[in-house]
Amino acid sequence: MRNLNAQTWAGVIILLFGVLILIQSFFYSYSSNLGPGPGMFPLWLSGILILLSIMHIVKSIKKEGGKLPRLLPKGNDLRKLLKILSALVGFTLLIPFVGFTIAGFIFLFILLSGEYKWYSNAMISIGVTALMFWVFNGLLSVPLPVNYFGF
Amino acid sequence: MKIGRRVLSSIALLAFVSSISVGCAKTNTSAKAEMDYPKKPIEMTVGFAAGGMADIVTRLSVEAAGKHLPNKQSIVVSNKLGASGSVQLAEVFQQKPDGYKLGSVTTGNLIIQPNFGNTPYKSNDFEPVALLNTAPNVLVVKSDAPWKTYKEWLEYVKKNPSKFTYGTAGTGDTKHVAMETLNVTKNIKTKHVGFEGSAQSITALMGGHIMGAVVGLQEAMPLTQSGKIRVLANLGSSKADAYKDAPFLKETEQGFPGFDTFTGILAPKNTPKEVIKILDEAFKKGLKDPKLIEELKKIGTEPTYAGPEEFKKIIKTSAKTSEEIMKKAGLTK
Amino acid sequence: MNSLIQLLNGFETALTWWNLLYCLIGVSIGMLVGVMPGLGPTAGTAILLPITFGLEPVSAIIMLSGIFYGAMYGGTVTSVLINTPGEAASVITCIDGHQMAKQGRAGTALGIAAIGSFIGGTFAIIGLAFIGPPLANFALKFGPPEFFALMLLGLMMLLGLMGQSLLKGLIAAVIGLILSMVGMDPVSGTVRFSFHQLELMNGFDFVIIAMGLFGVSEILMGAENRSDSEKIPKIKGLLPKKDEWGPALKSIARGTGIGFFLGLIPGANAVIASLVSYSAEKKFAKNPSRFGKGAIEGVAGPETANNAYSGAALIPLFTLGLPSSPTVAVLLGAFIMHGLTPGPALFQDNANFVWAVIASMFIGNLLLLVMNLPLAGVWAKIALIPYKLLFPLILILSMVGAYSVNNSLWDVGTMIVFGVLGYFLKKLDFPLAPIVLTFVLGKSIESSFLQSLTISQDGFFIFFTRPISSVLIMITLLIIILSIFSGIKKKRSYLANDVEI
């Protein structure tokens, strides 16, 4: 399996995506009393995508794709990547319960931890979150999610 | 801490009070105690874009009604777009019925969308609070079109089936349904062209790419005033004083129910009657505000107040007619 | 001559201190919403609309239109600095603008964009004032068939920009088109690919996809690239080098023309304007291989074009009463609320009002230029903020921006998903710009195609029997034939020199 490069895998995933869209397209009528129906464009597009992805797979197997990119970094960098991703997801999941200010503070605090001393980190996180809350909620009247206490 | 304690004590009080009011029949004291609403700002969502008709009417009315809310609380309006307003209404549908999350709705997301079967809610899944405004949809053509009146137009369409093309704000829009209804009642055939909004359909009409369009009264106003387009008929369920010459088809054509686009306020189902009453009072007073009437007049409309009971009836009848008609017109199965 | 005198009268009104203040407030808010990811001019104008009720109509419209054109200036900033387009029209600016920033020339990129925007914007206003009405009537000839042909042309220009990895570019373009099919199709009313998710019923929002694919993925890439403390290049001034002035000014001139023409057409979008301008610049350039590596023309042209576009987009509104974009629709609402009816009568019945607003736009554009040239330096300094501090700030701003599009967390989640997707696509060398550009064009292509067939009395021939659409389709075919021809002739050498978008 290791010999199959990342480009090939990407091609396969795009191929599967194309097939999914193709199957789904059959549920929409291909033609209507006008001629083309809502199913026509998706059908052709997914057909083209399948064709292109097969070409891509063939090309990548022949190693015409050139360099082999490594999809995920290793070691420390991978840890960093996962930290960012989990902070993003955590923020999104947390915000309905604790409101923007608390979720935002936690989000920034996590991402800045290890880079700054904890007290300057906390100061930056609180400052930025409060400023953003003020700009969006106050200045631009975009109501950000708040907790029970209104912040 | 302080806030926490206050909240706790007020919850306890509320529980106490409500248990009493459940116990005894509606005495004056319990009604007064229940009146302790609202205690915090009320949130209201609009399912359509900011700056659009539904949004403007809602914001203006809410501003006027807010002055009449007890406890000096206010209503905060925000927009939640998606799926022709269905995303917003689906959210209102799932809210706690405590009176702090309300929704502003139009015929589109409350009545028409559920008929397509894509929404988790039905039009009777809410507690109506108040009707704010209702505006008829009108059939317009360019001023240099050969048809001067509805009659001439009808003759042409009868002689030339499937020739007349008309644009609307999109398939399944109230305006589309209104015209299809006319097709069914008069046994005529016209071709529908769906656009991404009324503005686009009017632009296409002005360019002569389509022969007519069905638009909201206010959307037609700027162009009728400058003499670019002519209103042939009122497809709505309420009269349009600005266009007295155009026949009001609900009255002149037998079996044509008429379709208005209304804007109103809803609360989630099972919201306490007392809460609805307080809100209704505020809107009732607010909609009489001369400043609001003046502002709405500028955009070519006026407040059309109806209380919870009456609004409920309006919803019920429109839901029934639209469902039947959409089936007949082949829009839904 | 008459118009000129009226314009001078207009300046008299616009130069009162309170109107100047409203103009300044308007353009500043416009800048702000333009810079904020997620918020755009539509939201900006809509939010301020209720506040203007108490104002004089002139002041209200001056302020609201200030937001509209001010936002076009702001949108460039994020494209250049963090490679994240704030609005669709700035997607193409990312390509060369961000490269320039990487070379320490962020200030220059923003500077030339400001100058170009000023020239493009001012010229469009002159057009609005003096030659608007007859042109607007011509532009109405663009109906669904013409739009279809125009979008097709845009798509072909995009394909023409793809270089050595044509295959990957095509895959990206098709994915963008497929993404645009999600949601309710306005012509048939069918809901497609929603998988019973209510949130998908209206499809994806452009801003969400663009912020995810460009912005979030960039930060995820940064997790490893930046670990060996990449050196931040010094800022090398705000003005272009001596030998860059000539080409840059020429691209500004071309961008003005392209943007102005496309702005006249109600319903064409700013994306087409910047896309056409970018591809024109590449065709005109002596050495096209510089594109994609920080060519100043690649910033100057498109940024001018989108400002000329937004100025010209007001022509159909003022002269015919037709809103050509959602933002202009909000402006139309504002006109009506203040008791004014846009259209031909406006110039006669409310001449003072019209000319005062037009005069204020000259002033507003000047204010924006004055604000932006020094600000370009300030913005460029953002690139100097240590990355470890900068990236969490960008991320939280993007998330709040994504939230503010529809006030929904669903969009925040969608953005993260597109961010991860963009990360992998970047790693695999798939170009991202075609995805978002075809995404913007996709819906219009399909709906204008179906609309054309509905209004047509003789089927597909409608595209060839109408003069404008047939000419546009001919040009499209010509481009295809020429590129196939030149592809065969020069084959690899030509393609290898080409830039990928």
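Labels for the chains are A, B and C, by order of writing; each one numbers its residues from 1.
The definition used in the following text is that a contact is a pair of C-beta atoms (placed from the backbone, for glycine too) under 8 Å apart; a residue touches a chain by one contact, two chains touch by 3 or more.
What you see is a predicted model, and the numbers here were worked out from it, not measured in a lab.
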Comparison of A-B and B-C by number of C-beta pairs in contact, larger one: B-C
Chain ID, smallest distance between chain and overall C-alpha centroids: C
Chain centre separation in whole Å, for chain C relative to chain A (CA means): 23
Chain A and chain B: spacing of chain centres that average the CA atoms, whole Å: 37
Centroid spacing, where centroids are CA-atom means, of chain B and chain C in whole angstrom: 33
Contacts with 2+ other chains: residues of chain B: 78
For chain C, residues that touch 2 or more chains besides their own: 43, 47, 185, 187-188, 407, 454
Junction residues of chain A - those touching two or more other chains: 143
Interface residues, chain C side, partner chain B - complex: 42-43, 45-47, 49-50, 53, 140-144, 183-189, 191, 198-199, 201-202, 266-267, 316, 320-324, 326, 329-330, 332-333, 335-339, 341-345, 406-408, 443, 447, 451, 454-455
In the complex with chain B, residue positions of chain A that touch it: 143, 148-150
Chain C contact footprint on chain B (complex, rising order): 45, 49-52, 55-56, 59-60, 63, 78-84, 86-87, 90, 116, 118-120, 165, 170-172, 191-197, 199-200, 202-204, 206-210, 218, 221-223, 225-226, 228, 295, 298-300, 331
Contact set on chain B toward chain A in their complex: 3, 7, 40, 43, 76, 78
Chain C partner contacts - residues on chain A that touch it in the complex: 6-7, 10, 14, 17, 21, 24, 28-29, 32, 34-38, 41-42, 45-46, 48-49, 52-53, 55-56, 59, 69-71, 73, 76-77, 80-81, 84-85, 87-89, 91-92, 95-96, 100, 104, 107-108, 111-112, 115-116, 124, 128-129, 132, 136, 140-145
